[in-house]
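Presented sequentially are two complexes of subunit A, the first with subunit B as partner and the second with subunit C.
Presenting the complex of A and B:
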């Protein structure tokens, strides 16, 4: 039984990182209809940026802040202006293809230009172990869970409590009404892209100590984020958290009790079950179609 | 068939018929690979280009075809029984996978196929008793036809060419039939198509399953070509590459896959010198292509035509406006 709780806990910690990536993904979809297939690479690039700044002599917290600023400019503003804005007019397919192309370019650019090896990444939380009621948990898991939860809940609070956040939600729900109400729609959409970039940086900071910095680290992470987002509900940002945690926990339990070789198929099975029985996701709302 | 189509088809056919005997064996091998990818991407083009679905698991069906034939051959079952078995398997699995995904939004199929591809790849890698795991399956023999051996590189090439032509003909016929028209109607406006009495679900599901069958045939031919299969060519990355081949060539253009597969199979050979940077450049080019030509390379002629027509139309408008003005002036003068 203690094994079970241990697996459960580390599953929740991993799941909270999936939730970070999934949250950015749903926010982008809601605000602008962008489906970002390079979401995993948006986590991978900041990881390497932080490594680079650390190697240049900056302490990790400063490196993280510099990376955040850089990410907002490049992965937020640059991505929106360069790729999302011009392509969204043509419908969904060009943006899907372009972000797939972007992910291939980013992944192989890092491999060819920097390194194909996995690089160790310093952990924020040290490697202390805690023993509570017979369960062993690592400081890394606790720290990851606390920070990721704080970020997801903080983003939620920002969206529902602040004026800016509510304006962003208004844009996501109905762009035309938001325009009529005097909301600066392009700016709110940009804020969403910026929040997505920041969440990706945070996910990079939390996940890289365990995943190691590698050019293809984003591949699995991006996929898990999609599945988490859809399982939780594609049009509901609270769903991303639930979906992320469910995927993280189910994977961990399946790896221990079913077969470690098939760990990566768990998200698919959950996803298929959800779209069969509750296609709008566990917390999603049904959407109307327009001709 | 338009003249441009006829000329294009003729040029490709002459190239495919005449070029290989002049090539060394590696060249023949490359041309055969090209043909096999044309077959696979023709199927994907039906799903992506004509029915408008995003399928990111085509390499899984490609792999299913290859492994089915290889495993049956291991147990002494002939290629000619293995091939239809592979086709039937791909069709049935296509229906089973597409059914839940297509009930919801179209984009869900992309994720379902992506995950399916991962699952299939895991089975190929882990179930050593069946698939040989990472060691793969060795010694896949090439089939013989009416007692003629197809072991040589050239005979096998022409064998694949004949199959590709037959499959292209079938696809052409399908697209000209009321069925094919229904596929296109779905892509262009699913809700209008539905209100005209087209059963969206059934048609998109069929388009997806038929696309999967084409991938299965291509996979079976691929296994016999390389004579050794392992999980590596059937990853999610390979599926994404096939999807990009269709999109780069021009989704919904009949000859799109021919061009797209050339970009995906032949171009990397010429760009060997770029080595590690090749994929970086390729990814960046895909992004640029989407920015400039979201409908693929084969949309260039259409785009030029549309521009010419727009110019002619605006010239005609200007002329008629001038004529009307003159007439009005005349009227005032009288």
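Presenting the complex of A and C:
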């Protein structure tokens, strides 16, 4: 039984990371109708930025803050102005293709410009171990879980409790009415991109000690996060959290009790099941298409 | 004045052009077809750097039979299909020899191309099957698993006095080959394999496999995965408080693994065919040379690449001509002594299958560094 809990806990810790990236997916979708297939690379780039700043002598927390600012400018503003704005007018397909292209460009850019090898990344929480009722937990696991949860819930609260957050939601639900109500729509959309960039930075800080900083680290992460977002419900931010944790736990249990060979298939199977039986996702709302 | 200037310039250009043309005609072209991205990036990058360093040294010393070596590098993306395509491309470009890929799964596929074109192909792959297919153009730069594993098994049985072992391996050609070889070797030494744990290439979370290893309750654990996965496995083993000896073959105590696993690598024991920490002045010189050029310490794959080029050099010199078939023939049964050919770093003998034999080492990671515990003699020397 302790085995089960050990697996459950490390699954939840992994899942909370998927949830962070998945939250970015749902946010962008809700606010601007963008599906960003470069989400994994949005986590990879800040990881390398932090490594770079650390190498330049900045302590990790400062490097993280500098990276956050940089990410808001490049991955938030730059991504919105350079890719999302010009392409969204033409529908969803161009932006999907463009972000897939962007992810390939980012991956290979880092590979060519930095290196193709994996690099160690300092853990924010140290390597302390706790033994609770036969389960071993690292400070890193607990820290990741707590920070990820706090970020997801914080984002939720920001969206539902603050004026800015509610304005962002209004834009997401009905852009025209929001404009009539005097909400600055482009600014709200930019805020969403900025929040997405910040979440990506936080995810980078949390995952890189385990994933190791590597140019293709975003590939698997982006896929899992996308599945998690679909499973949880693409139009519900809480769904992203649920989806992430489900994928993380299911993977770990399958690896131990079925076969490690099928580990990566688990997310796909769940994804298919959800698409077939509950296409709006576990926590999503059904959306009517306006004709 | 201007006129003379122009004429002189034109003349200079002509000479320069003619010069390069001549150099190209004489150069020995080789292709590096290695893993620069994907799961094999660490291994491939080291191998390539080793090859390029050797080429630099050989060219600086006057080349092979007076000819310079030229190399091109292509990235297989750790993908056998890409490796095969690139090998075909290199052959079309008329290379004299191919170095790489390092991954067993890739060389198994790509060596069919070099065999058909009769181009000597040096690989860093260690899967036993590579040289068992009767391909006369494939040559190893390190031990095959079937040479290395008996040495590991002997240590587990006699050195650690283990009766039972759990085996954790990565589910690819390299891992499965190693798993089969160690299982056979352990059984031959009277040690029972009580858990057979498969892991994925690129696996992030090792909590499940480590849990399985723990619950198997064996006297020792044998870990056989690629670099990054080895590091993650070591960390998870440390995290879950695994207290039995952790033994590996080469990769487990590699420089990159130590760097990535940090403190968790301490205590890991491995048999290595090649290590920069070998008590050998030539090896220490190589280590310093490599560090000077690349600003990091080479792992065994760097040594494979470096010594591989010197093996080719020795074979070309033995054949006395730059001819692919003659050189491949010369490589079979080639014995190179480090005293005469310092570039091979250690005495080495190549057999008729393209497998090689030399001394090897048992190392343990202590304070983040490989320390040689024991020097094991070459198999033939031991007989």
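Observations
Criterion: the second predicted complex is superposed on the first by the 291 of 291 C-alpha atoms of A that agree within 3 Å, B and C clash if a C-alpha of one lies under 4 Å from a C-alpha of the other, contacts with A are read in each partner's own complex, and residues count from 1 in each chain.
Methods note: contacts are C-beta pairs under 8 Å (C-beta built on N, C-alpha and C of every residue); 3 or more make two chains touch, one makes a residue touch a chain.
None of these values were measured; they are calculated from a predicted model.
In the superposition on chain A, contact is made by A:111 with both subunit B and subunit C. Using the contact criterion defined above for the overlaid structures, shared-chain residue A:261 touches subunit B and also reaches subunit C.
Shared-chain residue A:59: touches no atom of subunit B or subunit C. More subunit A residues lie in contact with B than with the other chain of the pair subunit B and subunit C.
When the two structures are aligned on the shared chain, A:92 is found in touch with subunit B, with no touch to subunit C. When both complexes are overlaid on chain A, the residue A:134 reaches neither subunit B nor subunit C. With both structures placed on the common chain, the touch criterion links A:7 to subunit C but leaves subunit B unconnected.
Residues 111, 259, 261, 264 of subunit A contact both subunit B in one complex and subunit C in the other. Looking at the complex, you find that subunit C touches subunit A at residues 36-38, 41-42, 45, 171, 197-200, 202-205, 207-209, 211-212, 215, 227-228, 231-232, 239-241, 256, 259-260, 262-263. In the complex of the two chains, the subunit A residues touching subunit B come out as 35, 83, 86-87, 90, 92-98, 100-109, 111-113, 219, 223, 226-227, 230, 259, 261-262, 264-265, 267-268, 271-272, 275-276, 279-280, 289, 291. Subunit A meets subunit C in the complex at residues 3, 6-7, 10-11, 14, 111, 115-118, 120, 127, 129, 131, 136, 138, 210-212, 214-216, 220, 251-252, 255-256, 259-261, 263-264.
Against subunit A, the residues of subunit B that register as touching in their complex are 52, 54, 100-101, 103-104, 107-108, 110-112, 114-116, 118-119, 122, 125-126, 189, 191-192, 236, 240, 243-244, 247, 251, 275-287, 289-291, 294.
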